[in-house]
Amino acid sequence: MKEYKVGIVGATGYGGVELIRLLANHPHFHVYAVYSSSQDGTELAEVYPHLSNAVYTLQDINPKNMAEELDLVFTATPSGVSSKLVPQLIEEGIKVVDLSGDFRLKTEALYEKWYKKPAAAEAFLQQSVYGLSEWFADEVESSTFVANPGCYPTATLLGLAPLVSKQMVKSNSIIIDAKSGISGAGRGLSQMAHYAEINENMKIYKVNQHQHIPEIESILEKWDEEIGHVTFSTHLVPMTRGIMSTIYAELSEESSVQELHQLYVDTYQNSPFVRVRKAGEFPSTKEVSASNYCDIGVAFDERTKRITIVSVIDNLVKGAAGQAIQNANIMMGFEQQAGIGLLPVFP
Amino acid sequence: MKEYKVGIVGATGYGGVELIRLLANHPHFHVYAVYSSSQDGTELAEVYPHLSNAVYTLQDINPKNMAEELDLVFTATPSGVSSKLVPQLIEEGIKVVDLSGDFRLKTEALYEKWYKKPAAAEAFLQQSVYGLSEWFADEVESSTFVANPGCYPTATLLGLAPLVSKQMVKSNSIIIDAKSGISGAGRGLSQMAHYAEINENMKIYKVNQHQHIPEIESILEKWDEEIGHVTFSTHLVPMTRGIMSTIYAELSEESSVQELHQLYVDTYQNSPFVRVRKAGEFPSTKEVSASNYCDIGVAFDERTKRITIVSVIDNLVKGAAGQAIQNANIMMGFEQQAGIGLLPVFP
Amino acid sequence: MKEYKVGIVGATGYGGVELIRLLANHPHFHVYAVYSSSQDGTELAEVYPHLSNAVYTLQDINPKNMAEELDLVFTATPSGVSSKLVPQLIEEGIKVVDLSGDFRLKTEALYEKWYKKPAAAEAFLQQSVYGLSEWFADEVESSTFVANPGCYPTATLLGLAPLVSKQMVKSNSIIIDAKSGISGAGRGLSQMAHYAEINENMKIYKVNQHQHIPEIESILEKWDEEIGHVTFSTHLVPMTRGIMSTIYAELSEESSVQELHQLYVDTYQNSPFVRVRKAGEFPSTKEVSASNYCDIGVAFDERTKRITIVSVIDNLVKGAAGQAIQNANIMMGFEQQAGIGLLPVFP
Amino acid sequence: MKEYKVGIVGATGYGGVELIRLLANHPHFHVYAVYSSSQDGTELAEVYPHLSNAVYTLQDINPKNMAEELDLVFTATPSGVSSKLVPQLIEEGIKVVDLSGDFRLKTEALYEKWYKKPAAAEAFLQQSVYGLSEWFADEVESSTFVANPGCYPTATLLGLAPLVSKQMVKSNSIIIDAKSGISGAGRGLSQMAHYAEINENMKIYKVNQHQHIPEIESILEKWDEEIGHVTFSTHLVPMTRGIMSTIYAELSEESSVQELHQLYVDTYQNSPFVRVRKAGEFPSTKEVSASNYCDIGVAFDERTKRITIVSVIDNLVKGAAGQAIQNANIMMGFEQQAGIGLLPVFP
């Protein structure tokens, strides 16, 4: 079987190292090289002893050489770095799946308002395809440049899509209360991620200011241009992995839990990574841990006429590295589960 | 200084044992006896080795004797037990602070609908005073029987009261996304509280069915009879203590974060246990851990015109034993901080 | 490629469910049926929602049918259950890997002294091969009945073997201070594994009485009959997975950290699952999490002339299901890494 | 009642902030001022929002002013800072309890060997009294300068003292396997204390090189000059607070668990903060959490003739701030429990 060579830029971050874990089990992709501008020459195993039997030396980034050697590049670089690097890779003709937030918003103005950083040129913003694999597989398949969705948007959009794509949700009625494990804050040191302070603690942050708000709204508007604004809150929960998005909304027309449940089951019947729970049951974050699944439950409250949708993912897998590989599989024409069909780790 | 004798019924539960911790530091109350119907004769230190220097033998419950010996009783018994026991104590003329949910709802019908158990006689339901200390201190002061609020309602009502008591919130617009540490599930063994399954996990439970819903709505209606129904969701977070109530609502008239913040500051200026954070800042649960504080932050989102209120407590202190002592202090005419003015344990 | 049918008895325990996770990724084994005497007829996904896309109905145990349908059985049953069940399976001629402690000790007397339960017939105790894969692969290869090692003994024996098998350790000088995550206590509910009580807690248990003591001593004596008794302590650490065995010992002859390190490197050079760290470096438990690796570091203290060996495993993988599959691979003549070569999950 | 004014230098570290928590409950001491060289002018509540109702502005350090205003100073400064600061305070005639390691070792050579930093002048090293309150209360009482013991030495020495002070332990036979919660690593950011990496992880560190080794050995030698070297290992456990010291040793003469237990009970009968558990029972770390207790259990293994001693403390209380206050109480002639008699927080 032909082996395809991939490179990982930003291999020392949590997204990068999760790509290495998953790709080690992939039937077609081979991690040919790993890159880091700040640590080139270092053995990856010195940074991450859990990889002490995987021999990788961090290399400096050189787009021209990468174009010659690689079939596809994953850029797991921070926002503000991808915006400069990825255009160079695209211009060299390499297939790219970018895990940063730099190409998910489609105008410079929107990006700069929320990210407070210079945007990439709008031509590149427009060129990238938003890789929410379950909903945009066709665009991904014909693309050479995928902007991999953010962790919160992945959980939230998969939870809302069945309803919003059918224009069933009342304008301006969506409230998203999102919770994430601490690995979402990345590998960089901060007081917020200091063990003694976040352990046994729950913290709300970036209230009304999270850069995932315009990402969520942009995609919802694709499905329903009347959908309006969402209220979106993010919380840190003392666990390493996992996102739960608890979503509240009002429906345009009354429904029942049975009808809603059936809609979700039908919508996702051909999506191997979305598991709709039985009517009246809800997923916990650990039930998808270390896997590429997104599990969803839905309820309708007869008293308030509101619906509650609960959507969980592993932020580093379906919310980052796993979905990136899913998109790469689709781009290359492989089965989308290739290498990422692992069951969750429980307990 | 005169010492007052108190008894604790249900001393082996987490609420009971937290009463013992706090009362050991109380200037006026002395824990004279501890009671447990199921384990009488046992040394408390055998159940709880952290109390190995506190000498208490669990006694059987006898209301007549208790009336002779005690000035006040805390009943930290489960729902369904208090409903039978407390009326006997009241009839013996003992002052009671009941930590269960059995006397918080004012009609038998409402109780039985949500608790799925037989209610206490309605006369007793009516006789009890709801002990949200910051808002009902006058009633508590003249009462001999206090129903101590639930943990979720305490955090939620203290967060909503400044607005709802002024009828500033739109009818049917309140959504409460509440999160709790696992100690809220009590000492009884269950798969849900089994370490290997809830550690590194976040779980939603009792969706639209939690018995704290009618408790919250009853009190909100006292302040604003037009307030309508609330959507209320509860989540388990992998930490032992702490509740965060993230509350979303719409205002009847537009406001600003400055105005809202000032309203909260003014409202709670004489409430030593409520700490309103600076405008734009929000509390984390650990910042009140092991203390009787309720910390509150508030935001107004210009985009969606919704407000977000964040209210945190320690579920076993302000959400149970601490507030119970605060109520007992008020009933006895002591300073309300007596014995419970301890600073939070951090980190 | 031929597919071999395996059955899992005790599929609802943590060992059983970990077998299902790992075997789902196996190239040759197919989980044909899962068994549970107490819950037959139940869907496994009802017990474990993280398996909600894996369709398994728990079946009642019938050795005769199993012999007809299966190539190999994993018995992940508790001690005291395997002793009765496994002999029936052996007599039907099925290959068995038993994950319980029931066949690891070779005499009835020794078993009954430490397990306080009736032993299996001594013929069966003698027939089983002790499946410490790295050291007894030859016996395993020619066997049809493997007693899979305990979690603590696996970490401890792999750490001690290079020295003890060369008779380099002083008699009676070994002290093993072992620490385990809570999943080692199993799925059964207990106060010891109740989240609110073991979270943020560290506990020593079964001091000088753990049933893994004779298992460790029996194997050490195979390598060095003069080795004598070991002091062995076990601690619960507030994490779900992971064992660290910190081992202290005195050497018969003086050595240096360089010599010792080289001995370990040489000893395990052909063992793909043992990773000896660089001289002076030590592994952490999370660096092997969810993987079949055993990572080892070794130090020599010039001041006290004692050596310190640190050996870590995931108790549910190399300490249970992973090593069981490794043994099954060896029994069937497969590559020993088949299906269990996954990298650790980090962070 | 007269109030005594104390100052806290290094109030932004975990030791400093724990002093503030405990002293807020003290009947005689009043925290008059808090100091920080790096952050003077800052409100302490900005650094620690859990103190948002405690009004303290961090002040710059000025020994002369401090001498005029204060009765006693706690220096909770890092090693290498105290060595320079404390001599200035002593020369101004202020009473000092120093929580750093800078004055615990009595020669410059020993300090510099283990701390790899310049020592304070030997005159000051000699002048300080080692404040293991239960054993050196007489010296503390007549002293104006106390070197507060380290966290590991406190747990370890209280565990060993009853035996070593009676010369009952064999020379060179002591092995100490110590485990600590992460708060022991302090407030400074490090990869080792980064939540995502140390959560669900157990790590050994500073093998044979910890600076608490000479501190432990120096005190043991005071009691028994033949005691020799100890083997001492330190592990990080994923919890915020707590130290467990598991100690192995051989006795000069055979004993029994009953005799040993009685010796411990007798030794500590007048020590209110040491709780010896019943024979055959062992403490867990959480059973002393947030309290000044040291709980101890002891076992004798008939098979190996070794004893096992388990000693637990809260590293920030008995291992730092609590014992510092205990020493200050003794220095001032107060009851030693003053302000620190709080029961443990459980669960």
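To keep things simple, chains are lettered A, B, C and D as they appear, and every chain counts its residues starting from 1.
Here is the rule we use: a contact is a pair of C-beta atoms (placed from the backbone, for glycine too) under 8 Å apart; a residue touches a chain by one contact, two chains touch by 3 or more.
Computed from a prediction, not measured in an experiment: that's the story for all the values here.
J.: Between A-B and A-C, name the chain pair that shares the greater number of C-beta pairs in contact.
T.: So, comparing the two chain pairs, more contacts are at A-B.
J.: In whole angstrom, how far does the Cα centroid of chain A sit from the Cα centroid of chain D?
T.: 46
J.: Approximately how many whole Å separate the CA-defined centres of chain B and chain C?
T.: About 46 Å separates the centre of chain B from that of chain C.
J.: Between chain A and chain B, tell me the centre distance in angstrom, where each centre is the average of that chain's C-alpha atoms.
T.: Roughly 39 Å separates the two chain centres.
J.: If you average the Cα atoms of chain A and of chain C to get two centres, how far apart are those centres in Å?
T.: Those two chain centres are 36 Å apart.
J.: Which parts of chain B, given as residue numbers and ranges, touch two or more other chains?
T.: Within chain B, the residues that touch at least two other chains are 14, 181, 183, 196, 199-200, 238-241, 284, 286, 289, 347.
J.: How is the touch graph of the chains shaped: line, ring, star, complete or other?
T.: complete
J.: Under the definition above, what is the set of chain D residues touching chain C in their complex?
T.: Of all residues in chain D, those touching chain C are 172, 175, 177, 179, 181, 196-197, 199-205, 207-208, 229-231, 233, 235, 237-242, 244, 246, 248, 282, 284-286, 289, 297, 299, 301, 303-304, 306, 308, 310, 312, 347.
J.: Can you check the complex and tell me which residues of chain B touch chain C?
T.: 14, 181-183, 185, 187, 189-191, 193-196, 198-200, 238-240
J.: For the complex, give me every residue of chain C touching chain A.
T.: The touching residues are 14, 17, 20-21, 24-25, 48-54, 183, 200, 240-241, 272, 275, 277, 281, 283-284, 286-290, 293, 295, 341-347.
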